[in-house]
Amino acid sequence: MMDRVKAEKQKIFRSNMITFGIVIIAYIVVELMMQTGNISSLFKGLLVPLCTYSILAVSLNLVVGISGELSLGHAGFMCIGAFSSATWSMLMKSSGMPEGMRFFIAIVIGAVTAAFFGFLIGIPVLRLKGDYLAIVTLAFGEIIKNLVNALYFGVDANGPHFSLEDSMHLNMDGGTIIIKGAQGITGTPKNSNFTIGIILLLIVLFVVLNLINSRTGRAVMAIRDNRIAAESVGLNATKFKLLAFTISAAIAGIGGALYAHNLSSLQALPKNFGYNQSIMILVFVVMGGIGNIRGSVIAAVVLTLLPELLRGLSDYRMLIYAVVLIFMMLCTSAPSWIQYRDRIMMSFKLKSTDGKENK
Amino acid sequence: MATLLKVDRLGISFGGLKAVDGFNVEIEKNELYGLIGPNGAGKTTVFNLLTGVYKPTNGQIVLDGDNITGLDCEAISKKGIARTFQNIRLFSQLSVLDNVKVGLHNTNQYSTLDGIFRTPKFRKVEREMDEKALELLKVFELDGYCDYKASNLPYGQQRKLEIARALATSPKLLLLDEPAAGMNPNETEELMNTIRLVRDRFDMTILLIEHDMKLVSGICDRLTVLNFGQVLKQGSTQEVLHDPEVIKAYLGD
Amino acid sequence: MYKKQLVRNDEVAKMMSFISYLLNGLSLGSVYAIIALGYTMVYGIAKMLNFAHGDILMVGGYTAFIAFNSLGLPIPVAILVSMVVCTLLGITIEKIAYKPLRQANSLSVLITAIGVSYLLQNLAQLIFSANPKSFSSFVPLKPVKLAGGQLTISGETIVTIVTCIIIVAGLVTFINKTKAGQAMLAVSEDKGAATLMGVDVNGTISLTFAIGSALAAIGGILLCSAYPTLTPTTGAMPGIKAFVAAVLGGIGSIPGAFVGGIILGVLENLAKAYISSKLSDAIVFSVLIIVLLVKPTGILGKKIMEKV
Amino acid sequence: GSSGSKPAATAAAGDTASSDGAAADAGSASGDLTWKIGAQGPLTGGAAVYGTAVINGAKIAIDEINEAGGINGYKVEYQTADDEHDQEKAINAYNSLKDWGMQILIGPTTSAPTIAVASEAVNDNMFLLTPSGSAVDCTATANAYRVCFSDPAQGAKSAQYIGEHKLATKVAILYDSSDVYSSGIYEAFVAEAANQGIEIVDTEQFTADSKTDFSTQLQKMQASGAELAFLPFYYTEAALVLTQANTMGFEPVFFGVDGMDGILDVENFDKSLAEGLMLLTPFAADADDEATVNFVTKYKEAFGDTPIQFAADAYDAAYIIKAAVEAANLTPDKSVDEIGTALEEQMKTVSYDGITGSGMTWNENGDVDKEPKAVVIKDGAYVSAE
Amino acid sequence: MSTMLDVKDLNVYYGVIHALKGISFHVDKGEIVTLIGANGAGKTTTLQTITGLIPARSGSVVYNGKEIIHTPGHQLVSNGLAHVPEGRRVFATLSVYQNLMLGAYTRKDKDGIEATLKTVYEHFPRLLERKNQMAGTLSGGEQQMLAMGRALMSNPQMVVLDEPSMGLSPIYVNEIFNIIEKIHESGVTVLLVEQNANKALSIADRAYVLETGKITIEGDAHELSNDPKVKAAYLSE
């Protein structure tokens, strides 16, 4: 039987390699296209966002798919990652620190800050179940957005100043204001690029895929499948849920850092850090298959490209996008559609082995 | 013989209902002990109290000299009680093998970072886990299904997998809640052999709930009969099963 | 003496403003409540978060606007037309977009609902343009002045609260006393077992959507009467707030939706008045979180026991 | 006050081939060569009103320009893109326009996207003239200019106006704390108010997520004894604010900013609620000068609505570009970079009379210098406040 | 004797899994017929297909002379077909009483319902004791009684029972079989799936043996209980 177990491991390994392969091949192809100039500005501009959303989708899948909790506030972690990393970059902008170093630290700061908040938020939130958990994460996301929108931050000779009122209340003595409430941060260095995006995506995939296929990942999935049984075999459900949540928040923070350093201005609008964005990320996860990491990446790419490809339809663009969204969901999840699909599949490979199909 | 489990005046109420009241039992090491009683007598509730799913309102539980009263599930599992559930609770999306490997979680350890970076330690421990898990599955003749999704197993197989998973935690005491439910007589017969085998091979102490009298009389050394949350009768299997009160309340004729 | 008088006047004034903040809160809260009722109905029975509920509300608003302002129909007829349109819309959406996914993962339906929400918003924009329309209040009542004019309760507030109470009472009676209501309870628990009881599951869910959507129409009209700007995104934010209200009250619970809505509205206004108007969202959401931590199934939510 | 003149370029280099038949000939003579001008703004979602206005306003101007023979003798092709009022989508929109071959951009419409796009476009040295991106940083890059006032300019000018005209000494402010535009004006207003002897008795905020119910904020403003309420936000919310203030009997002087323009044209809006509302705006749709009447009539004909300030800004933007291009004597065969360099240079000297101001000139920051008009609403119509 | 239920050539799939491979059998009016078979043989699937919970790929099910293969499941109840499902499926957050009343959902005769309720409480006094308890917190056996009682509330002409004795104490196993016989005596036709094949065969008129989706043996219940193959596979001595 050991060979069956080995074969199964081999299968997982192969599947992971395919995931990495797809990303790497996509990278090479795009780089080649860029070298030869065969690429539109639109597509070129989309490369970093594609990495960002892939990372976010993988991050959320860790919570929704692997840990089995519905989170509707993921954009909040992205927001924290974006603002904390951008603040760092702004502070260090004129410090003479090498750019690469500065950006690297910015990403780490984004991840760590988001992880910290993920942990903090996770402690109370993970006690809740199902839709209640969803609404509380949504609430947290909105709180974060609301606070960031009210936050003023500056530094002068006397050190840092904070205010939730307005820039006058910072009582600054010269110095620079970095975060200006709703006006956010402007002038963030544009450090993100496609190569860095892909590297980050690969790192995230490496961490998540290996995590899932390890003792820890198994524990998280066991708790998802049956919390009581998991506790009865000695797993600390809260600890593992929190672990998954925190790692997921850290990854979302990385996505946020990548996002922030791709645009020169950073504002917490409902569109980019509100619940709408959280839901968009959730759409990637569900569309790509809950728990399916590779699917998340593919769905994130397809669904980010789709509205851009539909630009030619002008007024009807978002309308058609909505219809396509509904249609795709029906195609991938409606049992009647799937049955139809299966039936067609079956007529191809008529009567293969019986028992194996149970798998 | 040494006493493994000693339960004293254990009780719990739900609202006004005293589901379990003044429950006592002493189980010896390596014993196969049966807990029987009419529907709703409180048998499953006793299991829930023993494993920390519910906190007892009074009484005390001592396992192998350790007072474990009031601990939570996780801690009790680490102390050495494992169980199966009346309504099967498997990790339905995981493979059969992984279900057992989750059971091995606390006995075979490596850190999350080992897992992420695939260190040699990870490889070594995973291999050990695979071997142990397969060994356990073999006992229940489930090794052939190791790569099936747990929810795709037939009902009887699922029950066996639950036992295998419980054994994986290397418990001192194994609790089985109606292991033969939904099995036909043949399957029940097989199960009895398996339970005996488990006891002998793993030197296990087993407390089981069952309504199938063939199984109970076939393998249990001693029995406790619960009725309305209280102990109605305790003693050797034959003695208890012939007790008129037990017959009246539980067995019928 | 004189000073004391001043202090007392000051206190009276403070009291008055407190009461009037409370009234503002009631007004907003009752609108949330009425929207939350529709949310909770659909969630409770069909077990889905219908994120398009807010947009059905918006359709209700536009329909009423057209019926009343463009076609010149009398108010009751306009309300009726709006309800009929929303009901049909709700049933149609359910049939086409949600029903095929009934057996699927509940997240799939959630995503589809989001698609429907986008669809409705964008359709509305194509048809009505993004320009706001000013809604004429459907409530003919004049504001009631109390305490010598220091307090004003708008007609909309009174009507909304009364409507809300009537609907809550009606729905509670409907569910507890009628067969269709019992059928809804059964469906909400276990669709398969409900079928075995002879309950027409599809019909019951359609009925739920019909009721929920009709409520959305009423909610839309009352929302737009109290806060009279109508745009294609009018329903989005109140929809989310109402969803929050429904959860706060205990999702699936009809009295809960009412309580949750009122509390949310009052909280929002008191936070604006006494703490910070820019942080009121954060404050409201924080309270929601605290309530749920103390009572994980909302204020009036049923505690779901999992028997082991 | 506004000049009643037809929009006309009085560029430093003087009129080139911009007039009539000759230009049309030139247009056809130059074969396929055309200008490619893009415009972008939110066309879907909550901010779609503004983007739509910009795109439509510019369209009217470009149609007129083409009818009159194009720019410098070349016809103009016009393409638009939706940016959903989002920085990232704005860059996508910009790039899609670039792929189409855009040489000059009118837009983006809203501030946050403008800042993002401007800093992206500066790499291409794409000249962009935002009709309405008012945050300071919108024109931080060399390639970006704007038609509207900057937020600080509006805020400061509003305070000055109130101070100079002694409209009130006790002022309460309500602004959208989640909006760049609104909070930018607010800050500048407060800074200037101190110089004008204005006492700010109450400051209230709302956010994009809570803009249904303003009653509590209004109540506090009322209680503060404010004589004037400063409302630096868009008319969509203002319509609601005025309705609610009316219900509770709060009747100070309401003072708005350019975003308030359009309030009278909200379908079915009770105009009496806006009676006495003052706003500093460079544009009023019912001004009776020939140029405005021409624009408003055409706009209504084409799109069914009365144009708001955004549309007027965009309309002017197209003509300003025309003026600058012709002043620099550019032709469409030039590269984006060449056009950008030339226009950036030209903008510093160009002067333009449009429907949103006369004698507009630009400084090197890209900010426009023009006088706002103070208008007040009387009998459901704008009249000059002076 | 007229045929109550006639199943012909029934094929059912779960996705690609062929769960029922063209099975045919019939139940006559007033009979008790039992279906026995190992775990996963397809017994539950058969019952669920008959009562419309699972769609069939092909085949026919005639009930009371009417083809019902395409009849929505809920309409069968008012035609007198009741189903006690596997796993009890009680409405967990509703009270015992509410559960029972839902059993009578299709009935309109108030007095009749009252009378049936009384008999159900007589069969299962425990349910009367617990009539206000949330069904989800009942013990396993109590839930089984509730499921049975609920089915009886519809006053059926025919019941299909899926392992009604599962999880019941010996006393109640006997009791359940007594009740099945009583119901049968009152004129109800019974199709019974049981693991407790000894008991099932002892009260049944006829029986079918199901093996991996196919009917392999059929015949008189008494004869089957003496059939060596059946004895070896399904019966205890």
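Labels for the chains are A, B, C, D and E, by order of writing; each one numbers its residues from 1.
Just so we're on the same page, a residue touches a chain if its C-beta (ideal position, glycine included) is under 8 Å from a C-beta of that chain, and two chains touch if they have at least 3 such contacts.
Everything numeric in this text was worked out from a predicted model, so none of it was measured.
Engineer: Quick one: which chains contact chain A and chain D both?
Structural biologist: In this structure, the chains that contact chain D and also chain A are C.
Engineer: With centres defined as the mean C-alpha position, give me the chain B-chain D separation in Å.
Structural biologist: Distance between chain centres, rounded to whole Å: 75 Å.
Engineer: Could you state the distance in Å from the CA-based centre of chain C to that of chain D?
Structural biologist: Taking the mean C-alpha position of each chain, the two centres sit 37 Å apart.
Engineer: Measuring from the mean C-alpha position of chain C to the mean C-alpha position of chain E, what distance in angstrom results?
Structural biologist: Chain C and chain E have C-alpha centres separated by 44 Å.
Engineer: Going through chain A residue by residue, note those that touch at least 2 other chains and give them in order.
Structural biologist: Where chain A meets two or more other chains at a single residue, that happens at 142, 146, 149-150, 228, 315, 318, 358.
Engineer: Please list all residues of chain C that touch 2 or more other chains.
Structural biologist: Residues 122, 276, 278, 281, 306, 308 of chain C each touch two or more of the other chains.
Engineer: Return the residues of chain E touching two or more other chains; collapse runs of consecutive numbers into ranges.
Structural biologist: Residues 137-138.
Engineer: How do the chains pair up in terms of touching? List each pair.
Structural biologist: Those chain pairs satisfying the definition are A-B, A-C, A-D, A-E, B-C, B-E, C-D, C-E.
Engineer: Which residues of chain E touch chain B once you look at their complex with the stated criterion?
Structural biologist: Residues 36, 38-40, 87, 126, 137-142, 144-145, 163, 166-175, 195-198, 232-236.
Engineer: Can you list the chain A residues touching chain B in their complex?
Structural biologist: 1-2, 4-5, 7-8, 206-207, 210-211, 213-219, 221-222, 224-226, 228-237, 243, 291, 358-359
Engineer: Would you tell me which residues of chain B are touching chain A in their complex?
Structural biologist: Within the complex, chain B touches chain A at residues 51, 53, 72-74, 77-78, 82-83, 85, 89-95, 97-99, 101-103, 105-106, 108-110, 112, 114-118, 122, 125-126, 129-131, 134, 137-138, 143-144, 146-149, 152, 165-166, 168-169.
Engineer: Note which residues of chain C are touching chain E in the complex, please.
Structural biologist: Residues in contact with chain E: 179, 182-183, 185-186, 189-190, 192-202, 302, 304-307.
Engineer: Inside the complex, what are the residues of chain C that reach chain A?
Structural biologist: Touching chain A: residues 43, 49, 51, 97, 100-101, 103-105, 107-108, 110-112, 114-116, 118-119, 122-123, 126, 240, 243-244, 247, 251, 276, 278-279, 281-282, 285-286, 288-289, 292-293, 296-298, 306, 308 of chain C.
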